[in-house]
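To keep things simple, chains are lettered A, B, C and D as they appear, and every chain counts its residues starting from 1.
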Amino acid sequence: MPIINGNQYINRIDNLNASIWYDGKLIDEKVSDHSAFKGVIKSQANLYDLQLKDDLKDTMTYISPTTGERIGTSYMQPKTKDDLVKKRKMIQHWAKTSGGLLGRSPDYMNTVIMAFAASASIIDGKENCYPNNLINFYEKAREEDLSFTHTFISPQVNRSQLYFEESDEPIAAKIVGKNEDGIIIKGARLLATQGGITDEILVFSPGGITDEAHAFAFSIPSNTKGLKFLCRESFSEGESSFNYPLSSRFEEMDSVVVFDNVTVPWERVFFYHNREVANYFKSRSAFVPFTLHQVVARQIVKAEFVLGIAQAIVDTINIGEYQHVQEKISEIIVSVETMKALIIKAETNAELDEFGLMRPEPKPLHIAISIFPKIYPRLTEIIQILGSSGMVSIPSEADFQSDIRDDLDHYLQASTKNAYDRVKLFRLAWDLTMSSFGTRQTQYERFFFGNPIKLSSELYYSYERSHLINWIESF
Amino acid sequence: MPIINGNQYINRIDNLNASIWYDGKLIDEKVSDHSAFKGVIKSQANLYDLQLKDDLKDTMTYISPTTGERIGTSYMQPKTKDDLVKKRKMIQHWAKTSGGLLGRSPDYMNTVIMAFAASASIIDGKENCYPNNLINFYEKAREEDLSFTHTFISPQVNRSQLYFEESDEPIAAKIVGKNEDGIIIKGARLLATQGGITDEILVFSPGGITDEAHAFAFSIPSNTKGLKFLCRESFSEGESSFNYPLSSRFEEMDSVVVFDNVTVPWERVFFYHNREVANYFKSRSAFVPFTLHQVVARQIVKAEFVLGIAQAIVDTINIGEYQHVQEKISEIIVSVETMKALIIKAETNAELDEFGLMRPEPKPLHIAISIFPKIYPRLTEIIQILGSSGMVSIPSEADFQSDIRDDLDHYLQASTKNAYDRVKLFRLAWDLTMSSFGTRQTQYERFFFGNPIKLSSELYYSYERSHLINWIESF
Amino acid sequence: MPIINGNQYINRIDNLNASIWYDGKLIDEKVSDHSAFKGVIKSQANLYDLQLKDDLKDTMTYISPTTGERIGTSYMQPKTKDDLVKKRKMIQHWAKTSGGLLGRSPDYMNTVIMAFAASASIIDGKENCYPNNLINFYEKAREEDLSFTHTFISPQVNRSQLYFEESDEPIAAKIVGKNEDGIIIKGARLLATQGGITDEILVFSPGGITDEAHAFAFSIPSNTKGLKFLCRESFSEGESSFNYPLSSRFEEMDSVVVFDNVTVPWERVFFYHNREVANYFKSRSAFVPFTLHQVVARQIVKAEFVLGIAQAIVDTINIGEYQHVQEKISEIIVSVETMKALIIKAETNAELDEFGLMRPEPKPLHIAISIFPKIYPRLTEIIQILGSSGMVSIPSEADFQSDIRDDLDHYLQASTKNAYDRVKLFRLAWDLTMSSFGTRQTQYERFFFGNPIKLSSELYYSYERSHLINWIESF
Amino acid sequence: MPIINGNQYINRIDNLNASIWYDGKLIDEKVSDHSAFKGVIKSQANLYDLQLKDDLKDTMTYISPTTGERIGTSYMQPKTKDDLVKKRKMIQHWAKTSGGLLGRSPDYMNTVIMAFAASASIIDGKENCYPNNLINFYEKAREEDLSFTHTFISPQVNRSQLYFEESDEPIAAKIVGKNEDGIIIKGARLLATQGGITDEILVFSPGGITDEAHAFAFSIPSNTKGLKFLCRESFSEGESSFNYPLSSRFEEMDSVVVFDNVTVPWERVFFYHNREVANYFKSRSAFVPFTLHQVVARQIVKAEFVLGIAQAIVDTINIGEYQHVQEKISEIIVSVETMKALIIKAETNAELDEFGLMRPEPKPLHIAISIFPKIYPRLTEIIQILGSSGMVSIPSEADFQSDIRDDLDHYLQASTKNAYDRVKLFRLAWDLTMSSFGTRQTQYERFFFGNPIKLSSELYYSYERSHLINWIESF
């Protein structure tokens, strides 16, 4: 089964019937009918349908090297610079349907699994490592167009530098046993975005592991026995696309994943009980440059989405002549162009790596994901400042269908828009930056690659600059 | 009838039966039972009850000069520095019950009407001016403990510098006629916070008026014929004080006020058809210094509320040892102390003004309201940064009452708090800074005194600094 | 000998004949004639003369409790709030003569020695402590109007957290012996501002001492045998007050102080070989609040000086109508007023302390010195931005006395000033913010109370906020 | 005469004997011997010598299309992307010799004259326009390796929006007559960097011209009769490369240029008395993209120079372990990489323009020069913060040659450097950021392309974003 369409995706997810807990209840209906999930599932189905459109097919898919069938470009292992550009275009096509708000559209994790599999050779022959499992699983995922969630973070019990978990009952998920069927995992992981509504969940050690029990990498179906997804409150507040143009469609949900003595079958174990490998696999693999390439491509679309909305607000209330407005729009333009320049540099300077992949230059991508956590909150702030009181003058769709429609039409009209369209635009701006959905988006971008302070520190240590020091010495 | 209690307030508002439109419907039940209003009405009732508490009575009330009965301190005309300090304490007692989140607790408008009435002499003998109406109305309000909303802003049709309304039908509310009963008003005004749930609505020209029709000042009951309040969507998403500790109690609502040929009775007209007076009354009166004093007193409580929550987060996840965390908390401390210093300077340098009021020094209060629009959004950002992923790991009250309670208790426990209390704290932080309610609070503080750029400009023109120029010349 | 005049100060310093090394040479002429020192010595002499002016006498001096003679207010131990206000006025009178640029005008160290002496009781009876030496010395200094430099910082060999000096030869000054004459000091200290041109040098341990050899406090004359001052390059580039209106008069010089086996006579030892006392004396004494009060009083004058210059530039080239200019001037106004509010709060909330001093509230002063290191560099940046190309169009005094005077007069004329006065103003702005002197001023304010990061950390630990946490808990 | 060497350049400039006024005197010695100019002339001579070095020749030069001789790459009209890359490399080779501090190394103006000449066709056939003069002059300049200064700015008399010069005597340079020899210019222009020490001065209207008299473009030798250069004070304070490693070599000088009835010969007039052409020539020509490309290439070298120095300071005093230090270095890295990405994008997306030039994409270059004026001052601030007290502990070369050398060696030693090398490094950092030379560099970058506010505004108007608005509309 090669690329799937939207209905296939929906059916597969509904049939999984994963254990998803929401607001005190285990979901027992079709998850695609549940108010907290129907929006995002439909939006995601839409993405799969795009793969089949005639005019996009060449960008969105490529021919499987094993089956000769059309499969998703997000699974492609790029070998040339043109491949990289095609991959970016594919990512941005999908991103445009959501204004870049679907942080976990399938291309994200597909890229991850692709990069891991391409790097399988680095665990070849190591203790408790199964590189072939990884490769086989990648091929399966690619050919079946599987979707994924994953979880990196351990629970936030205590963030002190000197904290080591001492609980008898595991808190952070760990290996508590193994048998002929597989390894047994107990404990929890945060925060699985789209947890429960993807085919699979990929779990691997984030590095910095100090004991064997926390060293592992595997993927299992979302309906594996013992696996539970505990959701936060949904930020989708209703189905009206006038009232909630974004949250009604792109709320992805985050959940705590509980492993209640989950057995991971051996063929799905990529490695385990190997602390050394767990600590270097992610950083030595092709994971970082390709994942960043996907993320940055999406963030560019998001920044452009903000620019479009900001300018629409400016035009609507006719404030473009003000210098401070021009400065703020220019600030967004600078952000958009900077992100674009960084990805172009990464592609222009891409080189074949040890795994035969055309690897984008990592430096500019590191810069991009270091600055976006500061850029994005500022962009949303600009929207709020430009929108001003309009951001809270937001009557609902029902108001426009009631007896006060005439009043609204008259008193909320704008320079270049009627009241209905103007409120629609402002509700869009509000949902992007001020609704619970919008602020979660901001928080998501702020922490996407971890603590900004840590990002600075990594940049400090990784950036090659000895030639500059030598230059200064000789100056 | 002197100071009222909470029930009296609730009954009065329910009996008003003002025309409030919400989500396409005219509210026809008791407004204090309506989901969008019950929280704030109850919180406000609570404020009135505080006036009667034995240990607070001396601060919250004073003896009426006309009736000898206890009346609200917020109506007091301060004659001494001690009066000013008492007024500040009163304001802050009320503010503490809501963390400073009730921007329109009754003391705000009570202060406004007090200041206007004290300044009535400046319109004495001017054309179409009724200073005695103003004084009499102030006394009535004071003795009956009336509550107010008001509206300053005209609809945001077009913000261009050169825009003049040319519609045949008035958009911005204006005088369209007069007769023996009073003047007749047609058009709209934005944004009446608590519109419809106060006894009265005070309406006056904001200055910058270019024609007589827009020059007026009056107050009318909220249930005056032809008056309609068109609400935005409510940001109170439910009644659970675990889930929504703030929005369930302090969501004040904003509304567009429509004057559909409303007759303002003559005894309630303070002035009309006098452009000159309309343009100077606000600035020459005691309005600004006393209103700012109220606002800054409340903002201090709000900043302290943020500081308390921020520190609670730091303690809960044990991150106080990190330098960048210390820097962020210090930044909040600096904000709190700066605001406090500014109000203390205003009180220390207060002087008797031409109306016999002990007027706080305006300069430091102007500074305070110039900086708070920048300070407050930053404070909320700090909360979000410190809270990190905890800000989106927020299961609901129902989750804690379900079968997954054990999982939550185990996996969401914190260093110094159990899971339930930890989630409660993080939901508080989330409701303050990330819920729709929280972001509206941020927007409210950002624009409370108008466009920040305009505030800068006013400061530029008003600040006395010729002695400094002379000093430089002679240097 | 009570308060002295300028000539007495100059003669005393010339007669000291301290060992000052400048640009590779030991100064062997009168230091008040030396190009690197004559400006500041003259400016300082000017300060002493002010003490004698009839109209200022009452502010600048008070009556000695021991001799009944007039002595300097900067030595006064404040017992009332009025004393504090008088002290501030005295400080600001002096500061105004230099635009606040003389960071080490005598009142700074006089305040320090006053505060130490007032706190002598806390070392009473401790090992190797001589509180009476301290008290007697303070009285001597006060009655003789002595001037001081001091040094806090150890050499910047290695700023790593784990660095401990392991050199055989001491680098940081320490006690290397003692005999019947006194204790013997060897090593160096950074950076003695005005080193060599004050009567005395006060040396004490900054805290954080880990061995007895570095635990001491004493004062010795600047010409003590073995004491050497090694100067940096002077930032006074010439004597023309047109060319260098500030650096020609207020360049204070910084020097490395070398103690080459200096004997400190016993009567000048305040304590030694007592690590515990060395570590707490500064913080438990009245040092911090009074020193901060002096510093903040001076910084306010400096901020006002910047405001005056900024506005003069704006008026000269007529740019006051621009919104961004108004914003920048407003930003300076906010800074000035904030600093003023903080000192007023400190004075308003002053309380008698354990030593009988009327101690200003420390909190707002801590805030003030935490923010000024960020404020001041920004103020200088604003000057540069407003001044624009005018900051580098600065012909010299000689140019205005030459044949090209007509050209300059014509082509450099300004809207409200002739070319000569305009260039004079811009040279003043340049000397304040862009000359080597000006940038050293910026660096001085940036680091005056140590590393800003450390200041944040101290604020984090010292600020009382448990009541806020309790409030949140009970909310 | 094709490419010249350093001596040829020096001789040519000396022989010009232009009228340069410095500190009240007309320079009558060889200008290359004058203390204010010798440093920069020698540094520039060094650049010319680089053109002749065997290993650089291929980058620094190309073959003249007219003579077949080697001429300077900075004069090359790029036809391919490789040409562009070669041009960038050439620029950066030169820039590296000065850390990017020679803002007006010859490649800057050579690029300008190249771009103008390539665009000559746009004034073909227009009134009072001489495109052939421009082309011929470019060829002459190219083949003779001429050097240039130029001036854009009119005197800063009054920056008000409504100011029009009303003086009888021209202030801003303008055409006051014409005769058979040429046009006659009277008035002044600011600020000619390197004025008087280049072969030629290029003068053209900056746009925004409202009368014919101010509409012109021409180039004349620096020693043309009636031409005077009035210098500001030199910021080169001495010849010691230890004391002043940068200012002794790279101080370029700025001057007011006075045209005292200067006759511009007809063959050097490119256009005159054509307001329309004056207003569009610069913007329609290839001037902007190529000039920006040169500037950005140089700014990158400068940013890298800062990074090298910053890291050298960090290593020297061993502060790399501190998080806030890592953050600051990371901030510089982000700046460097962002600027690099922008130029790479401009080159990657270059296209052949209407003049047959391979024109770099203007957008990213506009972004680069919009952000560098904010980036560079921040970079210098970081240096100052990292350097801390070390930035003012700067004894002179003479100190190190005197009796106190042992003290300096001992007390100023650093973790990884001896005292001499440490002071050398800190003097370098000081000269870059805190000397009068350094702050003029900061001011230069801040205002290089004009007022930052105007840059924002231009970006606002020029950036194509209608497709984004359409996207939002259809969302």
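The rule is short, and it goes like this: a residue touches a chain if its C-beta (ideal position, glycine included) is under 8 Å from a C-beta of that chain, and two chains touch if they have at least 3 such contacts.
These are the chains along with the protein names UniProt gives them: A, B, C, D = 4-hydroxyphenylacetate 3-monooxygenase, oxygenase component.
Given the structure is predicted, the values throughout are model-derived calculations rather than measurements.
*Asks:* Check every other chain and keep only those touching both chain A and chain D; list them.
*Replies:* Joint contacts, listed by label: B, C.
*Asks:* I want to compare two interfaces, B-D and B-C. Which one has more contacting C-beta pairs?
*Replies:* Comparing B-D with B-C, the pair joined by more C-beta contacts is B-C.
*Asks:* Counting in whole Å, what is the centre-to-centre distance of chain B and chain D, each centre being its mean C-alpha position?
*Replies:* The mean C-alpha positions of chain B and chain D differ by 54 Å.
*Asks:* Could you please state the distance in Å, as a whole number, between where the Cα atoms of chain C are centred and where those of chain D are centred?
*Replies:* Here chain C and chain D have centroids separated by 40 Å.
*Asks:* Using mean CA coordinates as chain centres, what's the gap between chain B and chain C in Å?
*Replies:* Each chain's C-alpha centroid was found; their separation is 44 Å.
*Asks:* What positions in chain B touch 2 or more of the other chains?
*Replies:* 323-324, 453
*Asks:* Which positions of chain D touch chain C when the two form their complex?
*Replies:* 21, 23-26, 153, 155-161, 163, 169, 171, 187-188, 190-191, 228, 230-233, 237, 243, 254, 256, 258, 317-319, 321-322, 324, 377, 381, 384-385, 388-396, 398-404, 407-408, 410-415, 433-436, 438-440, 442-444, 446-447, 451, 453
*Asks:* Any idea which chain A residues touch chain C in the complex?
*Replies:* 323-324
*Asks:* Tell me, which parts of chain B touch chain C in their complex?
*Replies:* My answer: residues 96, 99, 245, 304-305, 307-309, 311-312, 315, 320, 323, 326-327, 329-331, 333-334, 337-338, 340-342, 344-345, 348-349, 363-364, 367, 370-371, 425, 428, 453, 455-457, 459-461, 463, 465, 468-469, 471-473, 475.
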